[in-house]
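Please find one structure pasted underneath; my questions will follow.
Chain nomenclature is as follows: A, B, C and D, assigned in order of appearance, with residue numbering initiated at 1 for each chain independently.
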Amino acid sequence: MREDDEVSVAGGATREDRRRDPSRVLALTDGVFAIIITLLVLDIYVPELSRHETLQSAISDVRPSFVSFVIAFIVAAMQWTGHRDLFTLIRYTDRGIIWLNLLTLFAVCLLPFGSALLSRYSEDPLALRLFGLILMATSVTRTAIWAYATQRPSLVHEPLDRASIRSGLALSVFPLLVYIAAFAIAAVSPQASLTVYASAPVLYFITITLLRWLAPRGSAEREFT
Amino acid sequence: MREDDEVSVAGGATREDRRRDPSRVLALTDGVFAIIITLLVLDIYVPELSRHETLQSAISDVRPSFVSFVIAFIVAAMQWTGHRDLFTLIRYTDRGIIWLNLLTLFAVCLLPFGSALLSRYSEDPLALRLFGLILMATSVTRTAIWAYATQRPSLVHEPLDRASIRSGLALSVFPLLVYIAAFAIAAVSPQASLTVYASAPVLYFITITLLRWLAPRGSAEREFT
Amino acid sequence: MREDDEVSVAGGATREDRRRDPSRVLALTDGVFAIIITLLVLDIYVPELSRHETLQSAISDVRPSFVSFVIAFIVAAMQWTGHRDLFTLIRYTDRGIIWLNLLTLFAVCLLPFGSALLSRYSEDPLALRLFGLILMATSVTRTAIWAYATQRPSLVHEPLDRASIRSGLALSVFPLLVYIAAFAIAAVSPQASLTVYASAPVLYFITITLLRWLAPRGSAEREFT
Amino acid sequence: MREDDEVSVAGGATREDRRRDPSRVLALTDGVFAIIITLLVLDIYVPELSRHETLQSAISDVRPSFVSFVIAFIVAAMQWTGHRDLFTLIRYTDRGIIWLNLLTLFAVCLLPFGSALLSRYSEDPLALRLFGLILMATSVTRTAIWAYATQRPSLVHEPLDRASIRSGLALSVFPLLVYIAAFAIAAVSPQASLTVYASAPVLYFITITLLRWLAPRGSAEREFT
């Protein structure tokens, strides 16, 4: 909003420019992410002690909640940094980007439910699969925005070269593959599935660091957070 | 706030300009929408298993919560994109716009309650009607801001032509009519009423797409999200 | 933040300017208000039906929650518009304003508790008094920021004349007196006390409208929302 | 986002500048702090009266919740003003700052759990220690960002002199020492431990006021809030 005003004071923003300004999309998105990572902690309950029980023994029941809080926090943080990286490239929004972004927020909003489910039934294949489906939804929507925006030169600051587009896609698709793997083995070995979910961020950080190292100076991959 | 400072550094924002700046109205609104769409997920409870029950059977109880989450999420998203579209036209706020906007937020704030009520008693005519009343309130307040702002040339960037004003009104009033229909048939057929609520967004998207197609190039309707 | 960067690109923001920029204070404040007015709705519970009970009869239990939601929403909205009005005058923050503002947020944060208490025990003098204390705290802190800022010419855009300062003080102090009255009669007549709380916003709107009418053109009172 | 656009309209923001812009980091951070200080109040429950009990007697059970709400609110407010002070110095973010900031938010997000635990078991050494660990995490992450940013001249507006860097470190490390002391004595004297936690803010204010007084005019310490 403010940008429009300033520019139009300076003498130029058309209605078209104002409509395509991404600032409120970012405000909504940052708000949702801020709430999601904060709501996740609500699943860590303060234990009620039964008779003769000490807090020492009861607090260990909180451990699974804490583990799934950590996993979900890192997933949300990854999604947010990925979103920020993407929108440093995007100059204008259009109807497609706005609704794809709302779809991303839809998936992100389900994270606290998935996290709570996982913390309560961390051994149950169904809980692990539902958690996986939510994670997949976040990755698919992120991939969709990346593909949509990078193929529309009118929406980005500078057109990306094909190698950067591919790297960005790889970075969105890669967690998806990991989540599919964890989903697939949930019935066979719940413990292994949980471990894969927990290690996805580690793999993600390694991938991003590799992409940054391998990329030529000045390319978009250098800017992945 | 920042805008004022900048402009007044450059040498010109009067107290009048600062008072009419819509930036904080948008910040509050985006905050409320971000929280609403995130709170909606809190109605999707993690089921507690009774003895001999499996998560598989218990999770089906979560389905109504999920359906009403989806409906309420889409309603909130529609309201937000509509709000964003409207405020790309509005340059200045006044006392009327601020309080009409707070009324809109009041209606939007009731969405999580309506959604929770609907997910718990999706067959009950009263629950369907209360949900309908909340949806009607969001539409009525949205229509009121549209009518108020578009009739005050001093508040908008460029005055809208009469056709655009009518299209915008139609777009605000149209969901209202659908909600009234769903409200009216709640007692006769709860199932049909729920279906109408669920299909309102689909009808809305079709309407908006038609408005965009039919509108002449450069008119405000082209910019509806 | 952004402002600093821009100005320093243009070539001038000192560290002093950056430190005194109110933008993050406003971002935090708008966030807190957005959350408060949204959290208030959480006190409107979806009723659980006991055997042979209909939703029709059970929903009437929700009425007190709804009434206190409406009261608390209006109180929060009044605080927010008052805060916005005040900060259209303030150009710079200092340590005093930041901590007075945090004190205001502290009082505002207690509103959901006060509202929940009131909706549960609307006939109880103690509940009415605690609700009154929270409202008084919001008024006192608001009065304190107004007095602090308007007496420091280096913090405001333009120095206010004495009449405007007094009007602003009156507007902050006036609700305080109403709340004190409601507090005082809580033990004698809980019903009357609740009525006074509920009618405070009406009186506030009348006062503000009078102040706007009576004020000379161009004075700060004209800008009260 | 907006800044980039403006500057690039003016003709200069490179992709590098956009990537390093701290505005969304601040938006997320302010959002999280706004939510945290608001969620803290959710631990102040409205008491349910048992038969023959009055609200008068029941409300005293709310006192520990209120005390831990006050402590946690002040801790969060201190963290936020500290964060704001730090980011008035920081001009650009990089991958390190973004993830260190997310770590800070991780620690801050645990505050409501710590506060709830403390309000429920304020005499229990384990609860006091866990609360202490969360507070230490907020201090350690804050110290880490301070050390990271002030040692990278390319990230700050103006390089700080060694004395200012040391003062800032002292201000971050000082609460850490107090929390370690409270942690250490939790088993010996829970009451003393709680008192130390409660008095930490007082000591912090005294320290900051001393630093401001002792610092030469124009140095960064003068700007601590």
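FYI, contacts are C-beta pairs under 8 Å (C-beta built on N, C-alpha and C of every residue); 3 or more make two chains touch, one makes a residue touch a chain.
Owing to the predicted nature of the structure, the values given are computational and were not obtained by experimental measurement.
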| item | value |
| --- | --- |
| Distance-maximising chain from subunit B - centres being C-alpha averages | D |
| Interface composition of copies subunit A and subunit B: same or different, split at half | different |
| Rigid-body rotation angle, subunit D and subunit A, from Cα fit (steps of 5°) | 90 |
| Between subunit D and subunit C, distance of the C-alpha-averaged centres to the nearest whole Å | 25 |
| Per-residue overlap in subunit B, given as positions that touch at least 2 other chains | 2, 6, 21, 27, 30-31, 34-35 |
| Complex contact set, residues of subunit C against subunit B | 2-3, 6-7, 12, 21-23, 26-27, 30-31, 33-35, 37-38, 40-42, 44, 46, 55-56, 59, 73, 77, 80-81, 84-85, 87-89, 91, 157-158, 220, 223, 225 |
| Parts of subunit A lying in touch with subunit B, wherever the complex brings them together | 1-2, 4-6, 8-9, 15-16, 18-19, 21, 24, 27-28, 30-32, 34-36, 39, 95, 98-99, 102, 105-106, 109-110, 112-113, 116-117, 120-121, 124, 126-127, 130 |
